[in-house]
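Dropping a structure here in structure tokens format, bear with me for questions.
Labels A, B and C are assigned to the chains in the order they are written; within every chain, residues are numbered from 1.
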Amino acid sequence: MKDQYDIAVIGGGIMGCGAALRMAQGGMRPVVLDLGDLGQGASGVNAGTLSLQIKRVKLIPYALRGHEMWEEMGDAVGFRKTGGFTVAFNSREAELLHERQTLKAAAGAPIEFVSVETLRKAEPNLSQKVQAASFCAEDGYANASLTGQYYRAKLRAAGIPYRERCAVTAITQGAQGFTLETVDGPVHATRVLLAAGGWLQPVAQMLGVDLPVQARVNTVSVTDRMPPIMSHVIGHATGLLTMKQKTNGTVLVGGGWQGRGTPQTGRGNVTAESLLPNLALAQFAVPALGDARVLRSWTGFEANVPDFYPLAGALPGVPDAFVLGCVRGGYTIGPYISQLMGDFILGREPEMPLFDPGRDFEKALT
Amino acid sequence: MSDIYDIAVLGAGPAGTNAALSAARTGKTVLLIDEQPAAGGQVWRAKSKSIFSAPETPESRAGDTLRTRLVAATTQGTIDHLGDTRLWQVEREGNLWALHLLSDGKVAKRTARALVLASGAREFVQPVPGWTTPGVLGLAGATALLKSEQTPPGMTTVVSGTGPLAFYVASEIRRLGGTVVAVVTPNRRRDWLRALPAMLCRPKLLLRGAWWMADLLLGRVPVLWGHTVTSVTGQHAVSAVEVQAVDHVWAPQGAAQYFRADSLCLGHGLIPAIEAAQLAGAKIYHEPALGGWVPVAKTDGSTDVTGLYLCGDGAGIRGADAAEIQGTLAGLKAASDLGVEGLAEEMRALTRAHAALSRFGQAMTALSIPRSGMVQWSTAQTITCRCENLTRATIEAEISAGATSTNALKSGLRAGMGPCGGKFCQTAIAQMIARKTAVALADIPPPTPRPPLRPVPVSAMAEGFDYHDLPIPKPAPL
Amino acid sequence: MIRPIRSQQDQIGRSADVPFTYDGMALTGYEGETLTAALLRSGIRKLSSPARGMFCCMGLCQECTVLIEGRSVEACRVAVREGLSVRSMDRRT
């Protein structure tokens, strides 16, 4: 008799692994499949920022729970609660900062506005040109590179089978359930969860579903080891810059500058056109960074749908199929929303509402 | 010169310089980029500016000839030679190549219709206990020091490694007034006998080798065939070197011997430098006879990527003489693909010459093909990733925990994420994965290459930045 | 002793010695010679903490990285000039 799993999870990042762990806890038998190594997609290549200041207002309650879970994961994921500043360098940015952070604070994020003097005492190396700043004591970062190692250990400890470098090439649905064709042979499962991040569109198409998933190609860079020059995560009112200095002295620079490529072509490419202004802005914000060298830059795919809210629920039109992804702030929120998703598939009421993938994306969510 | 070059060449060694010269000869505009101040690559590295006179060697003569030919072209203006310039990123811009360069602390960009990569080789050193001690140099690294500074790496040196480099380095140290305490090579004389037919094609080189051996013999320098360095002693500097015999698969056996020395030159073969080729889109395959991971390319240098050509040791370790021919050929191929006619006959002759000249180089490369016992040279506590101080034990534990790819080890342990970008650890790491997972080396590719190809100062990237030029992005969804 | 290969070190003509400093120590090197070679000549092999020195000699391994005017650069790619001021790096985590 062929081995039939209760659910096949396509995508071994935070979303897929988190959901699989929750489902296994609830008595299901999942299998996790990934076209690469576990946690090598967005989960493993993002800048690791855990900041409530960059979360959407409606997602703040989810992000707060996410932060708690990252703190619990602790050293195993290199979690540090450093506190975070978002800075503005001119009046337009200051206005933007004020407007947006006020709304996020109202939604429950412990964000406050601080004087430039306070900022300077906390971050003496920040540019003198800062005009306004907000602060959130809950902010910090984790080491995204450790995602794969972390979840691999968790899946193993829970006895959940997983297959790496095992791309799914086709999915058929029959009376018994789903048959997934993979490079390592067929996998049979009663249900299927699509958690393929940037690859959600081609994977959903294997089931005949057209998900309007787009992928941004975010660039992250890391420097060589520097003496301590910053101690909090730093953000920019426009989102064009994120910076953090890790305990090993290296500085990670992000900000969503766009590289080139699509998940279908396999790899995103860094472009000098984006890289140069990204690093230039970083040096503008922290001039001491000028003594650093960039050792490595890479891109990751950040998936979204037109209304920039998550896909989390039943896959429209396909019974026993589910989808989870496109979460704005997926790294922060992933551990929590994947748990909610696991609960949903187990037939339990999730603690907080999910996000119907069958919704009309043109209308704003109510 | 012009805004868009016809052909850009990366690397001014025997291959790259000849590619530039042959391309320029056809009338195409040529840019030659090289990270050293003078042409010559590694094998024909120029002396530093501190040396104004020195006795010639075959390498210095070959290098001087190459440099003279290049200077003639640059003086005429048929080649723009950017020395002391490092390529840090290569991108496609439509059907052009955009080359992002770093020179004198500044970034610059050049564009070309065709790109010839002649990035040469670097070396593989099998990690042994104490190999990170100051005073341990790579064998090929030692040749760089010897050629550019005409100075030995220490007062008393053990020279150890596979292939001809060990004997070359030993003879050069002696020629430059140093003392070679011992030459230690895992190769046996029978390995060299196997190479004899190929060596007979190059009688001059064979004679030179015989001369080196005679000198070592008459100088009473111990030559330990079928031996390897198994450990280096010394806390802040080398003080002694431990040596053991090896069996036919190079596994250490028998009693250890010790040699007092203040320096060790250690190396186990050359490997193609493939990062630029990978970034440019070339595929790679595993061929031990060519040095390990090699980019896919034809003899004429053409690849699956339109407008991308590879030549020299960067396309497979075939030696300097084959590199010169292949460079010339690749330059002509690139020119011919850009419309220059009448090159077919010359290219055919070069192809034939390349095959003949590759024989010797490949026979030399064969001497360094890794054998299964080498992995035993590293103990559990031997540092394998030098940049991140990761021991063999740490890496193997992570493999056992399920990190069975070079990418996964990089993410989990930072193995290959340090300043060298994995250049000195990935071969040994792949060996470990192969051993523990029973997967063939050919199925354990190196990690995904990432720019920059060389570290770039943030200050170079920030030069000329004006805050007002920042794009004002659409505010993120609230 | 018959020596087919004799030392030719004394046949090498070099430029003048110029002063430079390394971690505050006053040293000299031949003008234009590679910094790592000059340091080697002065008996300095350990170029950083934890103990590392020059290894690949071609600008790849980054173990000879030193600080010159606050900027990190590979010592094997720096030419000695008069007044060069060099500091070693501490890479311990």
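By definition in this document, a residue touches a chain if its C-beta (ideal position, glycine included) is under 8 Å from a C-beta of that chain, and two chains touch if they have at least 3 such contacts.
No experiment lies behind these values; they were computed from the predicted model shown.
> Which chain's C-alpha centroid is most distant from that of chain B?
Measuring from the centre of chain B, the most distant chain centre belongs to A.
> I want to compare two interfaces, A-B and A-C. Which one has more contacting C-beta pairs?
Between the chain pairs A-B and A-C, A-B carries more contacts.
> How far is the middle of chain B from the middle of chain C, if each middle is the mean of its Cα atoms, in Å?
Result: the chain centres lie 22 Å from each other.
> Counting only Cα atoms for the centres, state how far chain A is from chain B in Å.
Centre separation, chain A to chain B: 38 Å.
> Between chain A and chain C, what distance separates the C-alpha centroids? Give it in angstrom.
Spacing between the chain centres: roughly 45 Å.
> Among the residues of chain B, pick out those that touch two or more other chains and give their numbers.
418-419, 455, 457, 459, in rising order.
> Please set out, as single numbers or ranges, the residues of chain A touching at least two other chains.
In chain A, residues 224, 291-293 touch at least two other chains, as defined above.
> Two-or-more-chain contact residues of chain C, please, as numbers and ranges.
In chain C, 65, 71-72 touch at least two other chains.
> Residues of chain B touching chain A in their complex?
Against chain A, chain B makes touches at 89, 91, 98, 100, 107, 109, 398, 401-405, 407-408, 410-412, 414, 417-419, 421, 448, 450-452, 455-459, 461-463, 465, 467, 469-473, 475-478.
> Can you list the residues on chain C that touch chain A in the complex?
65, 70-72, 91, 93
> Flag every residue of chain C that touches chain B in the complex, lowest number first.
Touching chain B: residues 1-15, 29-34, 36-37, 40-41, 45-47, 50-63, 65, 71-72, 76-77, 79-80 of chain C.
> What residues on chain A touch chain B, complex-wise?
The contact residues of chain A facing chain B are 36-40, 44, 54, 56-57, 89, 92, 96, 100, 103, 129, 145-149, 152-153, 156, 164-165, 222-224, 238-240, 267, 269-272, 275-277, 279-284, 289-298, 307-308, 328.
> Going by the contact rule set out above, which residues of chain A touch chain C in the complex?
224-225, 247-249, 291-293
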